[in-house]
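Shared between the two complexes below is subunit A, which has subunit B as its partner in the first and subunit C in the second.
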Partner chain A sequence: MTSFRKELKINRRGLLLGMSALATAASFTQSPGLAASNGYIHEPDSIVQFMLVSKLLVPHELDPFVGHKIYNALSDSEEGFDNTVTALQNFIMKNAVVDVEHLMPALTDVALKNSALKIISAWYSGVVHGKSGDRVVAFEEALMFKVTNDVMTIPSYAKSAPNAWNATAVPLLNMPSF
Partner chain B sequence: MLRVTQTRQAFRLSFLAVLAGPILLCSTASAEDASNIDPGAYIAVTSDCVACHTAPGGKPFAGGLAMKTPLGTMYSTNITPSKIYGIGEYSEADFSRAVRKGIRKDGSNLYPAMPYTAYSYMTDQDIHDLYLYFMKSVQPVERAPPKTALPFPMNIRSSMMFWNILFRNNTTYQPDPSHSAEWNRGAYLAQGPAHCGTCHTPRGFLMQEEASKAFGGGSLGSWYAPNITSDKISGIGNWSQDEIKTYLKSGHIDGLAQAAGGMGEAVEHSFQHLTDADLNALATYLASTQPVRDPADGNLSRFALGRPVSSADRVRGDQPIRSEDNPDISGAELFMGNCASCHNYKAQGSRDGYYPSLWHNSVTGASNPDNLIATILFGVDRHVAGAQAFMPGFGGKKTDAVQLNDQEITKLTKYVFDTYGRPQVSVSPAQVATIRQGGPKSPLLVLSRIGIAGGTIIIALGCFWLLRTFRK
Partner chain C sequence: MPSTLNSDVVIVGTGVVGCLIAEQALDAGLSVLMLEAGPRVSRDTIVENYRNLPPTLRNHWNAPYPPKPWAPHLETRTPTEAASYLDLTGPNAKAYEQGYVRYAGGATWHWAGICWRMTPDDLRLKSLYGVGRDWAFSYDVLEPYYARAEHAMGVCGPGDPALQWPPRTARSRPYPMRPIPFGPGEQRLTDVAATLGMQNLPAPQARNSGVSFDGRPPCCGNNNCFPVCPIAAKYDAATALPRIEAKGGRIITNAVAYRVETNAQKKVEAVHYYDPNRTSHSVSGKIFVLACNGIETPKLLLLSADDKNPRGVANSSDQVGRNMMDQPKLIADIEMSEPLWTGVGPVQSSSIMNTSQGDFRREYAGAMFRMENMARSTLGGLAALEKGLYGKALDQEIRRLSACTARLTVEHEPLPLPFNRLTLSDKKDWLGLNRPRIYYDVGDYVRRSAENYTVPLLKKLATALGATDIKISPEFLHSDHIMGGTIMGNDPSDSVVDADCRAHDHDNLFLPGGAAMTTGGSGNSTITMAALALKAADAIVGQLNHA
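So, the complex of A and B:
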């Protein structure tokens, strides 16, 4: 009974994952104009694949524009980044991995694991560490700020009126969803 | 603040003919609860006399505020009980005639910058209380403010007599028995002492209020007093009475509207001090006004447009934002460089609402760009209940730290309309220049001069013809 439920749950999650992948893919194919207008005329497949892998690695709302920038920066700094993403994608499919918590322990290939961590790090920090230096790919959309965005503002943005920084702090509640 | 004050006046002042030195009006600069002070002081606050009759940094009611109008710069007068420079020699009848009829003690006319057309509705009792307040409670100031000297032919004050025949109301407020006492109180306040229509009713060719479009929105020089009729699209018909009341009391409602310009002053000096009963009365009356629809609004209310989006990572990321000296700088870059630090990168404002969101905001949702341009140029400075709401200007004054030129403000304004408000609004550098210098000039000045010149030529020709005929 238990295993049946677990299996059902996995199937449902897999279904949802597939649906979100389809939706993401659809959104890319529908907005070539957006990508083009921003100067990104990359092979859509590789971006789609990168976003799919990202979705599993980072289970939050991901900005496709930031995705483009991370993809470009990592492509510049990592040899054969497309192949790495494909390898990750294949690993996920083959092992029917449903979330990042299951992926990391299962990922025994150190190089692949490091690449996955780099992708996660880029989404959260907004910075890609390259060979010739670090590249900022996002600031406001960097996910690290979202964790506290119910009470804190992103540095350099006003929290309240001038001299109102010392107002009584709001108690922390549940982590915001983002 | 000076600018802001000027604009409200500006528009009051935009009229014809003649005014003079010391004339009247009202209120305390102080902020105590008006309900506990004497009735005359309360009426002075309701009528917001202090807004015009006090110069920035000057003594209350001593006049001297410069108001740029389409017909030239006017200065408010000293209405303290000084016998030489103020209204100390005015009898109550003189006072009443000045406030309600626009005629000063020496018999010459006031310009309708003084909203006597609205004050004409005031009751005898209120005028009496107001007179006592000015004579007994206001400190005389022995100083003459600058004299108003409008260009010819607007300097001929007696021409106002004709204007008064056409447009002046001559009876005090008559209660409408088909409405409640509260509604009548609201109507009295709105039409009379609080003179809402002075700014919010559009002006006709001769600068008269157009009664058919009462409260339909009027231009005040740099600023625009929006439609406050009960229309659900163009007006405030979707506001609850509580919202109207809160707005009058605080000048700020999250995700709806904020008071700047003349309305910021009106809240600061007048509305925040009114009693709850009077605010309720005003809200009741405003909810019942005749709706006026502006076709330019289509079917979109100015209060609900726009959404939080960010251009931040699009103008910055691998590339640093370009210097503001760059003539090719984009509206998005100007926004990120000048506005976003307070209004935030999605223009969502601060969480506590101190900095308002720029979407769901009456200024960016409006069909008229004046208020957005004026806010960027002149900023906001509103003091309510001991707290200040402040935004710096961006070039409206020489002392502003950041000086954006007309081209930059055009790009920035257009970006904000496109991204967070009503994209159909167009903005040109010429519009920005006009608002920077205080609003459009009235065609009346030129037309009247042409008329006089034409008349002179006709008379000259007539004389010439007569002479020739006579010689023959």
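So, the complex of A and C:
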């Protein structure tokens, strides 16, 4: 199961990298095959585009349901958010960016970079800071919990069966796959 | 429509103290009516409130408990909110920002569940060390009530006497459940502390360990004891409410008691309360119990001042509202080179208690040391995001900051000081009732302890854990253990209640709980409050049977 998942991830990532590297003229949203592979059929183009940009910014498995909520919250809080996502997508394709580590230093447009950081922040923290206050878009799906989920509890969720936890400390370097 | 109700026993407050007394009285065949200022809210509502908080607010324990306008309690999300109910003054006002919940079930909704008994020496500070006061009775008198409270609330704890507290003191009954296992952080703290002669003990805690108890499930390590246990594995008084009703007890919520009425024979005749429409009602009875916590109880007594009781009900000694106590707390946020890994098991599950006892208490306060065992993923996540990180570097930093940081705390034993005083503020609440005004100064006994004893030891402990950075709070903070405001003693001229928590001035008025505590000790106060409640319950039942 694990190897199958890894293979899937590689395939998805490879597809994105390939498209990016080739700087294909076709937009992601015009690729029904890609949309179908990610389960985004019937989703508006804007959300499909947001999820694809998110996948480069946040190199983990992303829940489309959470993505939908993040997209809605950011669209409400940031004027012209669709244009921002399009600009990020265009930048990625134009520069054949392969991952977030290469993308962020290359983004010299401060506003665009801040928007990218906001998207990353929303996926990890589960909250979008808007004009009219904070909007919580995820609790247990917030990625900050996944980073330590091999040891630490997601507060309010059961850790294990009764008294089934123990005092074993795991190495810091054993980053969970998520 | 105003109403007039009647009951053998009238209890104001539905927290742990009120609920324990209600059940004892009902079991003895007495009728019981309980008044609760706030609403009755379901557990799932509170859990959802918590999960829908922005992560920056999830460590504000009061945030999932929005108060009703007629029953305000402290809220801390903003400074304006924090100043909107408790009117705090004095050099250590911050150390009296007490968190409690005016909901049916009371503050046990968000307590940690920790049940340290006081020690025999804690009850004899004046005799042994020449400071504070002696209690009206010795530990031997309190011990059976501690045991009853542990069984009533379902306290798990170690069977090995070497790991029990107080040390070298006989227990009349074993804990009803075995201890909860440690996670990696608490085990590491235990091992490291031992090298400094500090014994980190598994905490007795009102949490079901490995088995169901009293109709509640076993703890599954949800690591959310405060602000709310999502599965009721931890005792909270809200779980007692259906049982009280099943036994015939009546609970009236959203009923804000505002006056205790006495007659010419110095007996309490009635308690008057407002409903949310500001309509006044009254309840008469044979015995009255005010168990609405260490702030609301003295406030209600002072609000009840009239011609017969010019300084307030039960206040001929002028001690009502004085001697306000809590364990002044200091915290150390530390960063370490190696992972500690908190966040496995309950949010608190152990403490260092041997630092609370000794002859040094002639000069300065004893203290309890412990580590917060909350999962730190949220703190680590937010701090790493704040740095503008992304990709692998972001993941690595979240993991490092979550695993390699910790919060150590030290809670100092307070002395009962008459100048630490609750009075009625000239500021009013939504109902037009005076808000509580509290002057608080931790005192030189605590300050000397911090300077000479606890802060140096805290730094030593942090260093032994491998701390590369130690940030100690610049001022004393609150532990949310409200004590002292209706202090117990044998002398009616300088105390409010007798050894059964009965008001010296009114023999059918009982004021059990934290407010009655003569001294505070270093540990969490709830189990002592519960023991006092059961002692008072015996006295109430005996008094009514005798009558």
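Operating definition for what follows: the second predicted complex is superposed on the first by the 121 of 178 C-alpha atoms of A that agree within 3 Å, B and C clash if a C-alpha of one lies under 4 Å from a C-alpha of the other, contacts with A are read in each partner's own complex, and residues count from 1 in each chain.
Methods note: contacts are C-beta pairs under 8 Å (C-beta built on N, C-alpha and C of every residue); 3 or more make two chains touch, one makes a residue touch a chain.
Remember, it's a predicted structure, so these values are computed and weren't measured experimentally.
When the two structures are aligned on the shared chain, A:Asn90 is found in touch with neither subunit B nor subunit C. Touch criterion met: A:Ala158 reaches subunit B and subunit C at once. Touch criterion met: A:Ala73 reaches subunit B, while subunit C stays clear of it. In the superposition on chain A, contact is made by A:Phe65 with subunit B only, not with subunit C. In the superposition on chain A, A:Glu141 contacts subunit B only, with no contact to subunit C.
In the superposition on chain A, A:Leu117 makes contact with subunit C only, not with subunit B. Number of subunit A residues touched is higher for C, counting subunit B against subunit C. Once the two complexes are overlaid on chain A, the subunit A residues touched by subunit B in the first and by subunit C in the second are 136, 139-140, 153-154, 156-162, 164. Subunit A contributes residues 38, 63, 65-66, 69, 73, 135-141, 153-154, 156-162, 164 to its touches with subunit B in the complex. Note for the complex: subunit A touches subunit C at residues 57, 59, 99-101, 104, 116-117, 120-121, 124-127, 134, 136, 139-140, 142-145, 147-148, 151-172, 175. By the touch criterion stated above, subunit C contacts subunit A in their complex at residues 47, 50-56, 58, 180-184, 186-188, 208-211, 217-224, 228, 230-231, 338-345, 374-378, 380-382, 384-385, 388, 390-396, 398-400, 402-404.
Remark: subunit B residues 310, 312-314, 316-318, 340-342, 344-346, 350-352, 354-355, 387-388, 390 touch subunit A in the complex.
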